[in-house]
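Each of the next two complexes has subunit A plus one more chain, namely subunit B in the first and subunit C in the second.
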Partner chain A sequence: MTETDDYEHYEAVVVGAGPGGAAAAAVLAQQGVETLVLERGVDAGSKNVSGGLLFAEESAPYTLDDLFPDFREEATERPVTESYMHNVAGDQVHTIDLEDVHEAGVEYCDSVLRRKMDSWLADQVHELARETGGGLLTEVRANGLLRENGEIVGVTCDELDPIRADVVIAADGVNSELARDAGMMNWDEPDDYFQGVKAVVDMPEGAIEERFDVDDGEGASHLFAGDLFDGVRGGGFLYTNDDTLSIGTVFHLDSIADERAEPQQLLDGLLTHPLLAQWLGDDYEELEYSAKLVPDSKKVAHPSPHQGRLLLVGDAAGQMQAQGPIIKGMNHAVSAGALAAEAFVDSRTRGTSSAGDLYEQKLRSEGVMDDLRPARYRASRAVTESDAVSGFTDALVDSFVGRAGVSLLGGTVESLFNSQFLLGMIPDTKTSYVTIPQVLGEELGEPIEGGPSQVEPPDLADRIGDLTYNTDVGNPHIEVLDESYDASGTAVTACPVSAEDFGGGCYRSETVERDGTEERVVSLDTQPCVECGTCAVVADTDWEHPRGGKGVEYEQG
Partner chain B sequence: MPALDPNDYDISELGPEIQSVEDLDELEDILEAEKAGKDRVGAKKLIESRIEKFREDEDDGEDLDPTELSPADLANELQAIDSVERLEEIIEAEEAGEDRDSVKRLVNKRIDSIQGSDETDGEIERVPPEEKYPELNHPTEDKQYVEDLEDGVYEDMWVYCETDDGELLDVSREMLGKARSLMDGYNEAYGGDERVVGVLIGDGVSDLADEVIACGADVVVSQEHERLRRFRHKPYTELFAAMARAGGELDEDPEAGDSSWREYDEPRYTLFPATNNGRDLSALVQGELDSGLASDCSGLYIEDTVISNPAKTHGEGQKREFQAVLHMKRPDFSGFEYSTILCLDNPAREFHPQGASVIPGSFEVPEPDDEREGEVYEYDFDLEEDWFRVQITDYDDLDSGVDLTGRDVIVALGRGIGDDPTLGMELGVDLADAFEDADLGITRGIVTSSYDFDGHVEQYASEERQIGETGQIVEPDLYVAAGISGAIQHKVGMDDSDTIVTVNTDTDADIREFSDYFIEGDLFDVLPALTEAVESGELDVEELAATGGASDD
Partner chain C sequence: MHCVTLTKGVPDFREGQVSFDEDGHLERGDTPTVMNPNDEPALRAALQTKIRNGGTTSVMSMGPPGYGDVLREAMESVYADDLYLLSDREMAAADTWATAITVATGLKRLEPDLVFAGFKTADGETGHTGPQTAWCLDWPLVTHVVALDVDADEGVLRAKRLVEGDVDEIETVEAPLPAFVVADPEFDPSYRKAAHRLKHKDLREETRARAQNHEDHLTVWDHEDLNLDPDFIGLDGSPTIVEGVDPIPRAPAERDATMVDPSDEDAMGDVVEELTQYAGGD
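Here is the complex of A and B:
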């Protein structure tokens, strides 16, 4: 008899009510598994951000509308019916129609806003799970793993007693506390991550149809690359929602850190670019500013995302596919979540292999792992991403011959970007994000039409002020371990709600006099925190999520 | 539109609000209003669970099919069915189906409990605990009054008025106000003439009697002594209980005071504050008076109730109506749920007074009515030496924090002091000192900064002086904001100030938007000039203009 025998027990505990957790819980509940879902937000989706496109691939083992009837009618925004990539150089732009690559193997692709989508999913999940004797609890934060004799046997929470479970499915996002507790994830290297920031922008009625030339019930996707981001490696996106736009930027976190770039300024650079004036109009109203870390699955998708009873799903397992203009995460999380659930049910009936081993097998046999970690990329990365090669190709593209080559390519550039096979090989260097698009813009681009942009994005203080927080007063969830500027100063710029010379953000750079010598340090106020996790990677911190129901609450997501 | 619009409430507020709604249609309306309005999942669940509760109450098991239910679920459902006929039908249905013994046993048990089983035949035989369990050593044997009061007379609502440093605590006022409205309702409903009795114990507390009456009491009873200056369990408990019994059957010392004003044995209801001392006292007094206690309550109302629990009725299967029961609501699970506690007489034992401790802030502080009249009775029970076995040899006032609300003037500092935080703080303190009733506030930006303040001003940099969303909310006559940019989180803490004067080098700072006067300048120059002006009573505008520019927004 041990103490833990007294704890409540469920057959399955799913941590996190995003698409991965929802898919896992739905499959478990449909198989009659007693399932408890824990969500730390006040409502599912209130902690969740994505760029905003949900792909459903023809080859995928599971999609959300398979699992949840009426999903597309109830929970998504607009299907993407047009897709473009804009390569910008100064006041010139070269636009490529990405229809082929966008639609290749894709059953549909809808824009989504996560608060709406995830909270709708959570309602369905709660109903399903309730039938099994479980359900979905919000405002409960699972903070670690419950162990017995060294084995994982459940989860511990801030708000509840520990809970035992036969399987723990961790769908708790990119900053997964369970994966960290299991030693399967850490915030070591900035180059394992991308950082995305996004503005959700209000559109007057009918404006989307008019400005994007789409019909009601159709939508557009626009991607941006080139010289509009001060050389920081990454790009921008714009997606149409029902009556809003999702506009954002995604950069390699190491590049943001190295360049000491301010993410909100990079976003503003996109928002105020003359190219976007045609869509944004004169009255810019930003509804919500948000940010998120994105794991680079090519590097960190866990090859064996399980340990004992713990199965990792979605961002928690690094399952986010970002290659060139293609960013797919939610669809993989859905597949993985459902496969993890399937694996648990199979292992119970067969009793031969563990749920974890079956899950890993399924990820491979269903092709999920190959999307996430393409062998082509692994083989070519060593050569193409070394700085020397990158510098060489940059120089080559810049050379007369290189430029002539690009110009001669002409229409074939379109087919290059439209080849999924080639995209899988594209190295993540400045060449592909900046140099080639810029040269394309310069050599093949047309002048951007229309006047200068009238858009005036809100400043950071207003963006923070417009967000809803339930601050856990006196109980900050992040602690700076080394406050010296050398160790943690990068957070001042890289944190999406901090900036140099801004006193109202999370990280502030301060010069203090100590024992007669001046010292540059950072101080931290966690109140404006949007819980993206950037500082956990670029600074020396002790980082946790806030307790259940506390912290930022996204209305859009 | 329903009587209650859920969209006006946070989810945490909505819980307590809908506890008072018992009408199914009304609840359905509220649910619709929520769906049409904010459509919050949590709010809908809350309302739905309330609806479900009443549906269950209404459900008499018409549609109940035992073969579809597990024994455990069935046992719950059966509790709602009072018809023997219907229960027999359920047995038949089970026999036709799975014919589970466990289920049939359950239903038969329910039938027994409704009909009253043969063995007990109504009346339950009472055996005193000492006889029933002779092998136990009974501490209750020492307790003089257990079950001694039979057919006791209970009247009035007694309120323990806790004091601190010669003043009533707010919660004492809150309870008096609530007791007033409860007893007004009681007298109206039951045609009585019962009173609110305020209880004061301490040193020099009789000075507070007028205020206790102004807040709603009809009678004040008190005992004073210098030895009662600080709260101690034993003497306070003994004195409260002695006063509660004075003039009644259990009065031990009728000479201790005039009890001609009352003709009952013990109070009908008692209220205590759920403060540290009040929690101690409430449990001890209610134990001494041989009754129960509902602790940490946040809602009170008086209502009749019908009970079928055999412990409270005279036998199985009977129902008994209890009149004028104090319903005591207390939050459970951090306020996710509420329980309503009732303290009801047993057939062979009376549980009075019905007592509760009340969470401070649960009720409104009443507007004192100085015209109210009331009677004051002082008692003088012997203070037994034995009660003072615990000596207070030393005490310390815990730092109760800084209260910035209620000041005429607040001088607030922001990160503009960053160039020399210690000097900035000194200048702010100087300006606050120059006013008669002023104090210093700071922004969250300072609280969370890494500034190294010198020892003499370090105390001002703590969280207890923070103004804003996560700090204090102030609305002084004059708010001087120096070096504050005016983020929304700060604005909500000071926006209702009468006059806002801002000192800032940045003319684009957000705070300018909601300032009455904006002084463009460095606070290190401007604050000393303001201090001098306040001290001398003259504003040297030229000097001010020399340090910065003033503009009237």
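Here is the complex of A and C:
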């Protein structure tokens, strides 16, 4: 560390200690770059949620176990060796073995829980970075970019004086405040995002092996689509951890908003579905409820994710790939983080191109960009996602002709779903998420065995009550700018810890009298907020993350 | 910069730990000894100085040989480099005056730049020992400190101190080093540099290992080591005479409470009526 005009200087500042930040910092530190990592959580991972499948792709330029020896032994849950897709229609289900697509080009796929994984990574990163004179600090929130003569020269923080850096790697996740400060991400369009909601469920010893028919040290993935989500576009997942299950839903945020869907109810719909009874058993014990937005790379992966000294990686750059029902964000964040670090090191030694330009080149030459914004999707989207066309295909699949077609396909359905090519092309319409799975379930499905579900998920008040918060009393991190129901009312339903007719959540709607007329408005209490980012997009707010160490603290993640 | 923090073992007054006999007297034998909780702000202030200004930090205490755990606890919270225990029979049963003389003598040996003390002990509650020690040393004394900045180059400290306990009146004072600082419970350490926080992390790791074998870092001095005359320390050197100790009786409740059901409109009306007579502000 050197000091100029009282500001500290580090060669590299990495904001965020998720997989993207950890990978970037590891590569920087291994190359001897003095690296400071800033993480706002009390512990890395305490703010983070993922469904939990970490893919190590053969084509990936970097994977976490390349960068961190012992990663898989120390930080992941189970290698997931089996994968199924369940298309549900009423009391029928048609199950497809996704083995081919799950394994295609994949070296391994492990289930992970983020608190354990990220905090382990952070310890390794701190040790590596300390050698360079830097290190990793938790409970520090970067709140913006430090500029000089209009150029980005570092970061500003709530807890620290401004810090200068030769490169700033923003790995601060989906609601990146640094990307927003740079004007590189706007948080306006719900259809740029998915919303993920998850429950981590306790499993008695031996239950996973028995109920999922897997060996000790092996795991399974089950995906769900069809008519179990009231027509909201999206699907469900269930992954096995060491001794817990991660069960969740991922929906298009625009669909959640338009349908006025209650995310926790959609999750409950999955948890209490008779199909899941075989795995959940009679004693349902939920350890943690969590939620977070996920960007849709097909729409928002930044084609040129850098500006001056600022390089965006991972979710902050929109690099989150939803390949149909299979979600790949962590692996791309790792690749991008490491490539950004590599680019900075290269630009320093060569001195010809900027780190940003080199980073952009590397994203392309390493094929990361192709995964994130497949040309096939871009070409087909224009046609398939327009309302007229999707309405037509929806009706067609659902029609007698379409149904006959689906039935005739029979076993071929499986190979279609197992096609990487096709998955990349899947349009984000109701047809692909709801109608096709539902028709498959109806036409080819078999009755779901077993009785009704005994699962009784906790209500929202209990879910909030079970979470740990360090509330920043008197210092709310979100402010509603327009409290009219028209502008911000969607948050009452779309917020995963709020609901209409529930007074204990973040958003509430109420009718007030103003100047003799009745008005419907929303009010906000950020105390139960899980910082998912939804209301930054669906409501008119001034949205920030809480200060370092404040807010929700996930134990599982 | 060499800082010394003074600390003391006190009975653990927390619910479930402390025990009293029938007459309300403390049962010393059944009550564990812990580090005086009011010393924590002093430890925080010393740690801040060590981290921001570098140098070493020692912890000093006067007490029986069994204070090892208290000193270990202090070592962990201030990431102390070494520990000093002033201990022998002649020092026992000292009042604050005799304690101050003993501790000041020990401090002179170490020649520190700064000494930190808590604002009072949880048992005696006099708040005298710190100031009396400063007086013995003839050093500037800064009390009720809530924020501290040490300027080693200029050889001064600048402190923000509470002027009156519960009023938000704060004054900034400057004092030459060496100086004696009594930290207020409101003391808030400030680490606005990443480098300071990184060092904090390093020290935490280092100290954790050191505190495991804290005896290796402990120096015990008796009155002979300090060249102190037994007549002036311990019980013999204590001018304070404790005439007796009276347990404070629980204050009897003077008023009767009347329970009111909030859905009972009549009863609520009575409450409002009852309160309106005070509403005028008199």
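To be clear about the criterion, the second predicted complex is superposed on the first by the 552 of 557 C-alpha atoms of A that agree within 3 Å, B and C clash if a C-alpha of one lies under 4 Å from a C-alpha of the other, contacts with A are read in each partner's own complex, and residues count from 1 in each chain.
Definition applied: a residue touches a chain if its C-beta (ideal position, glycine included) is under 8 Å from a C-beta of that chain, and two chains touch if they have at least 3 such contacts.
What you are looking at is a predicted structure, and each value in this text was computed from that prediction instead of being measured.
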{"item": "Superposed partners subunit B and subunit C on subunit A - clash or fit", "value": "clash"}
{"item": "Which of subunit B and subunit C A:A291 touches, first, second, both or neither", "value": "neither"}
{"item": "Touching partner for A:T471 - first (subunit B), second (subunit C), both, neither", "value": "first"}
{"item": "Partner chain in contact with A:L311 - subunit B first, subunit C second, else both or neither", "value": "neither"}
{"item": "First (subunit B), second (subunit C), both or neither touched by A:L160", "value": "second"}
{"item": "Partner chain(s) touched by A:E8 [first = subunit B, second = subunit C, both, neither]", "value": "second"}
{"item": "First (subunit B), second (subunit C), both or neither touched by A:V33", "value": "neither"}
{"item": "Per-residue contact with subunit A, leading partner among subunit C and subunit B", "value": "B"}
{"item": "Offending stretch of subunit B which, after superposing on A, collides with subunit C (from 99-107, 333-341, 387-395 or 477-485)", "value": "333-341"}
{"item": "Overlap of subunit C and subunit B interfaces on subunit A (superposed complexes)", "value": "none"}
{"item": "Complex interface listing, subunit B residues touching subunit A", "value": "11, 40-42, 414-415, 418, 444-445, 447-452, 463, 469-470, 485, 487-489, 510"}
{"item": "Contact footprint of subunit B on subunit A as seen in their complex", "value": "42-44, 119, 122-123, 138, 461-462, 464-466, 469, 471, 473-474, 483, 503-504, 508, 510, 512-514, 521-525, 527"}
{"item": "Footprint of subunit A on subunit C - complex, ascending", "value": "191-195, 197-198, 201-202"}
{"item": "Interfacial residue positions of subunit A with respect to subunit C in the complex", "value": "1, 8, 10, 36, 38, 126, 130, 134-135, 137, 140, 159-161, 163"}
